[in-house]
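Structure provided below as structure tokens; questions to follow.
The chains carry the letters A, B, C, D, E and F, assigned in the order they are written, with residues numbered from 1 in each.
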Amino acid sequence: MKVGARNQIVGTVKAVKQGDVMSQVTLEVPASEMASVMTTDSLAELGLAPGDRVRVVVKAIHVLLLKE
Amino acid sequence: MKVGARNQIVGTVKAVKQGDVMSQVTLEVPASEMASVMTTDSLAELGLAPGDRVRVVVKAIHVLLLKE
Amino acid sequence: MKVGARNQIVGTVKAVKQGDVMSQVTLEVPASEMASVMTTDSLAELGLAPGDRVRVVVKAIHVLLLKE
Amino acid sequence: MKVGARNQIVGTVKAVKQGDVMSQVTLEVPASEMASVMTTDSLAELGLAPGDRVRVVVKAIHVLLLKE
Amino acid sequence: MKVGARNQIVGTVKAVKQGDVMSQVTLEVPASEMASVMTTDSLAELGLAPGDRVRVVVKAIHVLLLKE
Amino acid sequence: MKVGARNQIVGTVKAVKQGDVMSQVTLEVPASEMASVMTTDSLAELGLAPGDRVRVVVKAIHVLLLKE
């Protein structure tokens, strides 16, 4: 499946923090770590657990640059 | 300066594609490549050119996960 | 493939408007019409043309409600 | 009132799930179902309850396309 | 009309920069200046011109904080 | 540090509402009030408390306009 976003990387679920409405997933990606927040409903639907492989997707318009 | 976002990585500008209203910056980050889209006004203000070091920031709520 | 987003619907590409950096895709979805904006690079990668079937995805945090 | 977004549809509130900071609203829209996440403060301000009619708004840049 | 977003302010259109797919609107708001980017289609639909009064809306999840 | 976003203003933290996964920060900005939602992890990292000065950043693509 092709995804219409510039930023895509394969990662592994490191930890899941389940909240009332929103949940947070921490991910290991090559050379770094990332985090994703989704609804707790989406978390249940994906059935994510530590060790799972996921595709991590971010549209380019959501990427902010800072320069010293 | 501390930034209130879960995803932060240092990258290097690889290419700049300037458009009429929006512009696209391609970045080299450790073990991967990323892209950011901002207004052409912001691009001018940052004065980005290939080789520049930037901090790349993404809020966790903008990160989407896909699972096979 | 499972997608970690609350809003998903299958649509058909109706029209593509290619811009310098960003492009716009108009979609027919059941009982309505939608639009997506992505980078022109992503458009090329997806290779979208009228008639193509796509999955349309929106995270719930991007949905705004207005009440009269 | 005119809204500067490509995606607009009228929906009916189906369910409300109130969280500590964020809340989730499930919506019935023609031929489908949608979900919106907002702050619990915004939910209170809108005073949303099942059966309420709302206008559902999504900017086109928040719409992601996937193609098989 | 009530809008389900924490950040709302009334502003006046100062300038419009029309692009091929996306357009930029500069706004005067009390004590500051803001900018909005939307599709050129949405700009046409709103029919915005300098001097127009608009309501400026931002969901709280899109607001990033930086601390020295 | 330069930030690649059109909307930037200096504000003062007025209140912090800490949730399980997401937290909300209310801000006083010149002539108005704003709110930001971030992960509770980011809140802890920023160490925000009432009275703190912060830079408030919003990308122009996240600004929606409504016209009467």
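The definition used in the following text is that contacts are C-beta pairs under 8 Å (C-beta built on N, C-alpha and C of every residue); 3 or more make two chains touch, one makes a residue touch a chain.
The structure presented is a predicted model; accordingly, all values stated were derived computationally and were not measured.
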| item | value |
| --- | --- |
| Intersection of the contact lists for chain D and chain F | A, E |
| Where chain D and chain E overlap in contact partners, by chain label | C, F |
| Far-end chain from chain D, centres as C-alpha averages | B |
| A-F against C-D, pair bridged by the larger set of C-beta contacts | C-D |
| Repeat of the B-E interface, chosen from D-F, D-E or A-C (over half of contact pairs identical by residue number) | D-F |
| Rounded Å distance between chain E and chain F, as computed from the means of their C-alpha atoms | 17 |
| Separation of mean Cα positions, chain C and chain B [Å, integer] | 22 |
| Between chain B and chain F, centroid-to-centroid distance (C-alpha), Å | 20 |
| For chain B, residues that touch 2 or more chains besides their own | 1-6, 19-20, 22, 24, 35-39, 41, 46-47, 57, 59-61, 64-68 |
| Interchain contacts (touch definition) - all pairs | A-B, A-C, A-D, A-F, B-C, B-E, B-F, C-D, C-E, D-E, D-F, E-F |
| Contacting residues of chain F [partner chain A, same complex] | 1-5, 19-22, 39, 41, 57, 59, 61 |
| Chain D-facing residues of chain C, complex | 1, 3, 5-7, 9, 24-25, 27, 29-32, 34-38, 46-48, 52-68 |
| List of chain B residues in touch with chain C within their complex | 17-20, 22-24, 35, 37, 61, 64-68 |
| Interface residues, chain B side, partner chain F - complex | 1-2, 4-6, 36, 38-39, 41-43, 45-47, 59-60 |
